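Labels A, B, C, D, E and F are assigned to the chains in the order they are written; within every chain, residues are numbered from 1.
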Amino acid sequence: MPQPDHISVLGAADPATLDPDLKAIWDKCVEKLGFVPNVYGAYSVKPQRLRHFMQMYNEIMLAPSGLSKLEREMVAVVVSSANRCYYCLVAHGAAVRRLSGDPELGEMMALNYRVAKLPARQRAMLDFAWTMTTTPWLIGETDREALRAQGLTESDLFDLAETVAFFNLSNRMASATDMMPNREYHAEARPKLP
Amino acid sequence: MPQPDHISVLGAADPATLDPDLKAIWDKCVEKLGFVPNVYGAYSVKPQRLRHFMQMYNEIMLAPSGLSKLEREMVAVVVSSANRCYYCLVAHGAAVRRLSGDPELGEMMALNYRVAKLPARQRAMLDFAWTMTTTPWLIGETDREALRAQGLTESDLFDLAETVAFFNLSNRMASATDMMPNREYHAEARPKLP
Amino acid sequence: MPQPDHISVLGAADPATLDPDLKAIWDKCVEKLGFVPNVYGAYSVKPQRLRHFMQMYNEIMLAPSGLSKLEREMVAVVVSSANRCYYCLVAHGAAVRRLSGDPELGEMMALNYRVAKLPARQRAMLDFAWTMTTTPWLIGETDREALRAQGLTESDLFDLAETVAFFNLSNRMASATDMMPNREYHAEARPKLP
Amino acid sequence: MPQPDHISVLGAADPATLDPDLKAIWDKCVEKLGFVPNVYGAYSVKPQRLRHFMQMYNEIMLAPSGLSKLEREMVAVVVSSANRCYYCLVAHGAAVRRLSGDPELGEMMALNYRVAKLPARQRAMLDFAWTMTTTPWLIGETDREALRAQGLTESDLFDLAETVAFFNLSNRMASATDMMPNREYHAEARPKLP
Amino acid sequence: MPQPDHISVLGAADPATLDPDLKAIWDKCVEKLGFVPNVYGAYSVKPQRLRHFMQMYNEIMLAPSGLSKLEREMVAVVVSSANRCYYCLVAHGAAVRRLSGDPELGEMMALNYRVAKLPARQRAMLDFAWTMTTTPWLIGETDREALRAQGLTESDLFDLAETVAFFNLSNRMASATDMMPNREYHAEARPKLP
Amino acid sequence: MPQPDHISVLGAADPATLDPDLKAIWDKCVEKLGFVPNVYGAYSVKPQRLRHFMQMYNEIMLAPSGLSKLEREMVAVVVSSANRCYYCLVAHGAAVRRLSGDPELGEMMALNYRVAKLPARQRAMLDFAWTMTTTPWLIGETDREALRAQGLTESDLFDLAETVAFFNLSNRMASATDMMPNREYHAEARPKLP
């Protein structure tokens, strides 16, 4: 039985009808990635909301930060693992495989990050992400101190917190709209057979 | 023992040093509300992120939608109740009291929404918000159908989902930074003694 | 939509028909508080059970103890928060506001006690109350030792345990009978607008 | 390694020093049961609280009610099973074996009541007890209607709710004080080898 | 209402039709125990699967190991307690009573093992069994180190893990097939009335 | 940081020292698969236990059954997803991709099976597997009836139950021993870039 090929059960805009600024982004995605990520398509039914989502996303994931881009993607995948979000696990799992050059690391982040061999700093970040996602009411000074003890600055703490928070938003949008990831992600950065 | 009076444990910008666009928003808040919501202060350490947060927030909570502003605030409070987020329960609980003119309704949303007497449509929205917050991986077509059966359109579903998703972000930022709500909220729209 | 104004979905006795001892208590409540707490009304359908409930309640909450009356009310609210009991959170949240003269403290106890700034002794008591309420099977000597380390005597431990246990009873009676709190509580001991 | 033989880790009064009314109860227990239930011993450090506990217990478990004494004991054991309370499972498990003449029924109530073959009315009562114990905030009119559909009156609903509520109190007192059941219960009403 | 007397809701083979090797085992069980454990009956509908189950069971529970037979039975009961498996709690609870000569120990393992007074080594084994059963994804080197600190060898760790794993299999077969324990277990190794 | 390359933290036998029957299996694995699955290596420290594990595994996964081999692998992956078992998700996720020829189906089973488009019969099997894994004590006749309504026979129910039960065993052995999957699985049956 073929798997769903919709972008979102709530529909998507016809790309031909998009505003010029969005059309330009669509074109740039195709040029750089070969496809437009379906999360953009899912948000395209409400163009202003799409713009806000992209602005926030780009700042959190791509702006300079004490957390590397790979670390932010690892956090994204661990949050999505806690929330069992299919879209984000597929799309950001691919990003971890690509950025790290380590396909197993991507699988570990998606399936159970505790099996990975990680620097203590990264393990502390992921433990924080898990607690903040599953029991945010328990987060307290002890949890923040564990991150400072690994060398994270107050600015790093802010960035980590916002990354975790953002994927708690996007995971839920994906689940609520049954968002399907682009098929290209499945093939990306897979290991070669030995 | 006096309760904490910080804005965020990660600090806040000196308002005197804010960029002009943000300073203007600070002034407008003081003019309209009498104070600047501490969530803005907490984000002010990273001005660009503050801008994105405000843009997204304003669109979700204030733009035209099939969900009334009160309904969106009710959703905000129920999500915050599931996540036991002190900041958002205090700030948005006050909003429900004010917008509804029913102080008990605000308390019910914060403490256990299931005790409230609500139109079936609103109860369905809040049940969806609870599931999407606590077990997003279980959301499926059955849950969406329950909303459509109450007359929600696909556009309403999108708005509801994004409201729930957004407060799952903001609740976690508040918990991660130990954000304290402005004291004014506690007094707002309380009932008079009979 | 107006909120429920019943005392309990299982009904309440007509005050005119109450036995003299209970009628005297009703009169005293009106004289002292201005109203009869609805929990008494809810129990009045079974007068003997009401008497037992009041006797136990009065001893636990008002008799001399190593725990102050405020501390016992704080415990009551934290237990009710874990159980999301609307009636007890409203009624005893008001008591914390009144006894402490600190309206924020009452809100913190109801919404997430971990955000409050508290003496270590009180924090230990509330942590014990949370564990005893949510996972009583895990309580062991380690938990009791944490309280003794804060100076609680064996008698204090008994009083703390009984307070926690009692509100685990009353929370469930309130939820099972859909007990509604008296509206006066909502207005009690609220802060003035600054 | 011999198992604990204390009554409660918080101690117990020397029976010789008890007030006459309590001494009379001690004597009556020995006469009728052959021993004084340890829950009385555990409470004896605070005589007034013991009196209140016994009064409430006797009314709930022994007074006339639409629920039979066996049904009330079954409810007690199922609540104690949800709370994994050793004392109450041992003491009231024995009561179910004795009152029902069916030793397996007692074991089923203690270990997993869903395996028992029960009249629909009793199954509904136990399902209600389980929900009221583990997620009291979810109890609503649907749950009460399920009981009324089995013929329970409003008075029966009150009695069921109070029984559940009471064992949520006593389970927690037992866990908090590490109360040990009298050894006699283990031998009571066991089946003969075939 | 008499309790179920089936072996399994999925049926059982007629013992007269069993293959000779299985018939021999049936005969030996009757000779040694007085009855054939119903778990064998439940598996007898698929003889080859029964053989595999018995081989694995016998090796895990009876082969030489750094864990005593009693310790393996204690682990079996604690796993079954976490899974609330009626069949295994009854059958292996009886084994703990018999092998230990301490009927209370059997009840403690079944109802809440944390109340038992145990050597630190056994407590560590049971804590490991509980975590491995309820949240296996959290097991890590810290948990294994806690066992090594009590003197368990790598071989002991293997045997402990396999015992826990096996009862997570058998508990689920029992629940899925509504397997009923033989009535003889209820009477076995019960204490005499003092 | 390179990921772990051990077979199991409890070690593995030197293949050169294996008994002839096991050596033959090792050779056959290399011939057919190109490698020996690490679960065999992990068990090889206890040869007799390895034999029992392989016999049970082969019968459950490969013997004739009303459930297809693909269906049994889908069940294996969904159980492993509930238990967040890295080893089994990697190894059996590869099997679902290979047997189905649908790489997305494998990812869906591992990450959140509820997003897959499946025949009602398979969805019912996977829902049963999830409940049996996470809350086995709740399984009852209603759950079995849901399977029979999809055409499963009593024999199919047995096979489904045993498959679920078996992976609840193997998931826990893998977590307890930190078993690492062979790297070949990661590359197996991945989609080609479009």
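In the analysis below, a contact is a pair of C-beta atoms (placed from the backbone, for glycine too) under 8 Å apart; a residue touches a chain by one contact, two chains touch by 3 or more.
What you see is a predicted model; the values in this text were computed from it and never measured.
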{"item": "Shared chain contacts [chain B and chain D, defined touch]", "value": "C, F"}
{"item": "Cα superposition of chain A on its sequence copy chain F - rotation in ° rounded to nearest 5", "value": "180"}
{"item": "Same or different residue numbers at the chain B/chain C copy interface, by half rule", "value": "same"}
{"item": "Intercentroid distance (Cα basis), chain E paired with chain A, Å", "value": "44"}
{"item": "Euclidean distance of C-alpha centroids - chain A vs chain B, Å", "value": "23"}
{"item": "Whole-Å separation of chain centres (CA-atom averages), chain A against chain D", "value": "51"}
{"item": "Multi-partner residues of chain C (each touching 2 or more other chains)", "value": "84-85, 112, 137, 140, 178"}
{"item": "Overall pattern in which the protein chains touch one another (line/ring/star/complete/other)", "value": "other"}
{"item": "Pairs of chains found to touch, sorted by chain label", "value": "A-B, A-C, A-E, A-F, B-C, B-D, B-F, C-D, C-E, D-E, D-F, E-F"}
{"item": "Interfacial residue positions of chain C with respect to chain D in the complex", "value": "9-11, 45-46, 48-49, 52-53, 55-56, 59-60, 63, 83-85, 132-133, 136-137, 139-141, 144, 154-155, 157-158, 161-162, 164-166, 168-173, 175-178"}
{"item": "Touching residues (chain side chain A, partner chain C) in the complex", "value": "137-138, 140"}
{"item": "Chain F contact footprint on chain A (complex, rising order)", "value": "1-4, 81, 84-86, 89-90, 102-105, 107-108, 110-112, 115-119, 178, 180, 183-184, 186-188, 190-194"}
{"item": "Complex interface listing, chain F residues touching chain B", "value": "112, 114"}
